[in-house]
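Two complexes, one shared chain (chain A), two partners (chain B, chain C).
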Partner chain A sequence: MILDNTILWQFDVLLLPMVIICALAALTIKDLVGAAIVTGAYSFLMCLLWTEMLAVDVAFTEAAVGAGVSTILLLATALHIKRKAKD
Partner chain B sequence: MDNVLTYIVSGYNYWAALILIMIGMYGMIAKNNLLKKVIGMSIFQSAIILFYISISYKSNASIPIIAHGHGVADHTAIDPNLYVNPLPHVLMLTAIVVGVATLGVALAVLQKIYRVHGTIEEDEILESIKE
Partner chain C sequence: MKRLTLLLTLILGAYLIWSVEDLPEWGDPTSPASTYLSPHYIENIVEETSVPNLVTAILADYRGYDTMFETVVVFCAGLTVLTILRRTERKNKKVSTPRPQREGSDIILQNTARLLIPPMQLFALYVIAHGHHSPGGGFQGGVILGASFILLALSYDLKKTLKRFKESSMLFYSGLGVLIYAGIGVVCLLLGKNFLAYAAWSNFLGITELEAHSHGMLGVEIGVAITVMAIMFSLYADLASGGDLDEGL
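Let's turn to the complex of A and B:
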């Protein structure tokens, strides 16, 4: 079964700048709860990137563990501590 | 010259991985807030995973699952050019799980620091230690 995936690099070019923007936003947002949510969005975009690169096993592990569990852990910590960051 | 330019542009996945590694390292080094440092470490980890998954990719290949691979008596030989390389995928599955364990331990230590010092800003913690 040969997949004609000559179209997939366009998804790649679309997703990679979004991933970089999400990474920069997660580090610059001063509200820690917002930073945790943006980190979850970053993980989900990474999951899309790996589906597009035909690594489906890595993609669903990232969707469950990276975008799910990590976001919950970060959110729980951000809600326990003081919400505002200085930088 | 044209050849070199093609070589640089066609590796855009690796350039994105490099930029993400630099962003993660900037977060770990320059940020004052400890939670931001942990987020930077998380970005660094997934950038390295992106690098490895980019290695495993090949064009005009399928996902590494053999269609109708079970219950067939006359097995024919498998052409590896039709499937992307599954070995980096397996290594990076382990890396994702280890990354979440690292994140959990880091956040637990961070909450303990907050309970002792009342803040997670690095300079305020240093002042609190001096007193």
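Let's turn to the complex of A and C:
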């Protein structure tokens, strides 16, 4: 059975640009703490995308590991090294 | 150099987007990925393992050996961070890094954390225990359990949290989880079946082979969760304090 995703394309239109914006922002932001937080937002958007594709287990992992713990770990690291990235 | 990198990235990106055209449709039942092994799993998993969640059944039973070493990878990652960052008192005198100072304590934050942590831990246990019936499992549940300790350390302080969850117990539990996982496999060997063939437990526990699959998966998930919980908190404690476990973020 191919799933009927006619209702879901609006979510795609909403989520995909935000994912791209977050990914670019995470790369370009000079402040490392800001970049860590944007990475967390990116992870959360990816989690929503996984849910939309009905991969609930992956989405759950992404929410717990990606958006939750790894953001905290990146933040903890960013606060201990020089905050501004040179490049 | 920068322009060359940008050009290369653009060319590669365009090439990747162009090649997306050749990928099969999303959810297409005739795509190569869903014609080889997947039909067997989808049709036979409940008869073979009595576990309704396909993802967990594949992860913990069909590919149990892979998942065991994934747990070992998490364990090794935690140990590596510990080896590189952990500073003892004696070494501490030589190096002194500036750390972000926290000022005072926030009563709203602390009380919110106190309200949040118990349901969080209960939910984590639910996720672990129901991993083979609903989405979730050892990794997710373990991460949520670890995150509850991180929340405690963030809202109060690291020292108070370390009194409840000592560094020695962190190390003990991270090893214990891997040991539970491998131990379940070794018992299967001793009972005369293959490594991690949970059916071997059926005579030992007095249950059918199908139930043994389900219970074996639960045991393995518990092992994964214990390791992941301990390692997640240990990673946070070492990274946030810069290795001396004195004060967090």
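Quick note on the criterion: the second predicted complex is superposed on the first by the 82 of 87 C-alpha atoms of A that agree within 3 Å, B and C clash if a C-alpha of one lies under 4 Å from a C-alpha of the other, contacts with A are read in each partner's own complex, and residues count from 1 in each chain.
Simple rule for what comes next: a contact is a pair of C-beta atoms (placed from the backbone, for glycine too) under 8 Å apart; a residue touches a chain by one contact, two chains touch by 3 or more.
Quick caveat, the model's predicted, so the values are computed rather than measured.
Shared-chain residue A:Leu73: touches chain B and chain C both.
In the superposition on chain A, A:Gln10 makes contact with neither chain B nor chain C.
More chain A residues lie in contact with B than with the other chain of the pair chain B and chain C. By the touch criterion defined above, A:Thr61 reaches both chain B and chain C. In the superposition on chain A, A:Val19 makes contact with chain B only, while chain C stays out of contact range. In the superposition on the C-alpha atoms of chain A, the part of chain A touched by chain B in one complex and by chain C in the other spans residues 1-3, 5, 53, 56-57, 61, 65, 69, 73, 76-77, 80.
Interface residues of chain C facing chain A in the complex, by the touch rule stated above, are 25-29, 53, 55-56, 97, 99-100, 127, 135-137, 139-140, 143-144, 146-147, 150, 154, 232, 235-236, 239-240, 242, 248-249. Against chain B, in their complex, chain A makes its touches with residues 1-6, 12-13, 16, 19-20, 23-24, 26-27, 32, 35-36, 39, 42-43, 46, 49-50, 53-58, 61-62, 65-66, 69-70, 73-74, 76-78, 80-82, 85-87.
Listing the residues of chain A that touch chain C in their complex gives 1-3, 5, 53, 56-57, 59-61, 64-65, 68-69, 72-73, 75-77, 79-80. Across the interface of their complex, chain A is touched by residues 12-13, 16, 19-20, 23-24, 26-27, 31-33, 35-36, 38-40, 42-43, 46, 49-50, 53-54, 56-57, 59-64, 67, 82, 84, 86, 89-90, 92-93, 96-97, 99-100, 103-104, 107, 110-111, 114, 119-121 of chain B.
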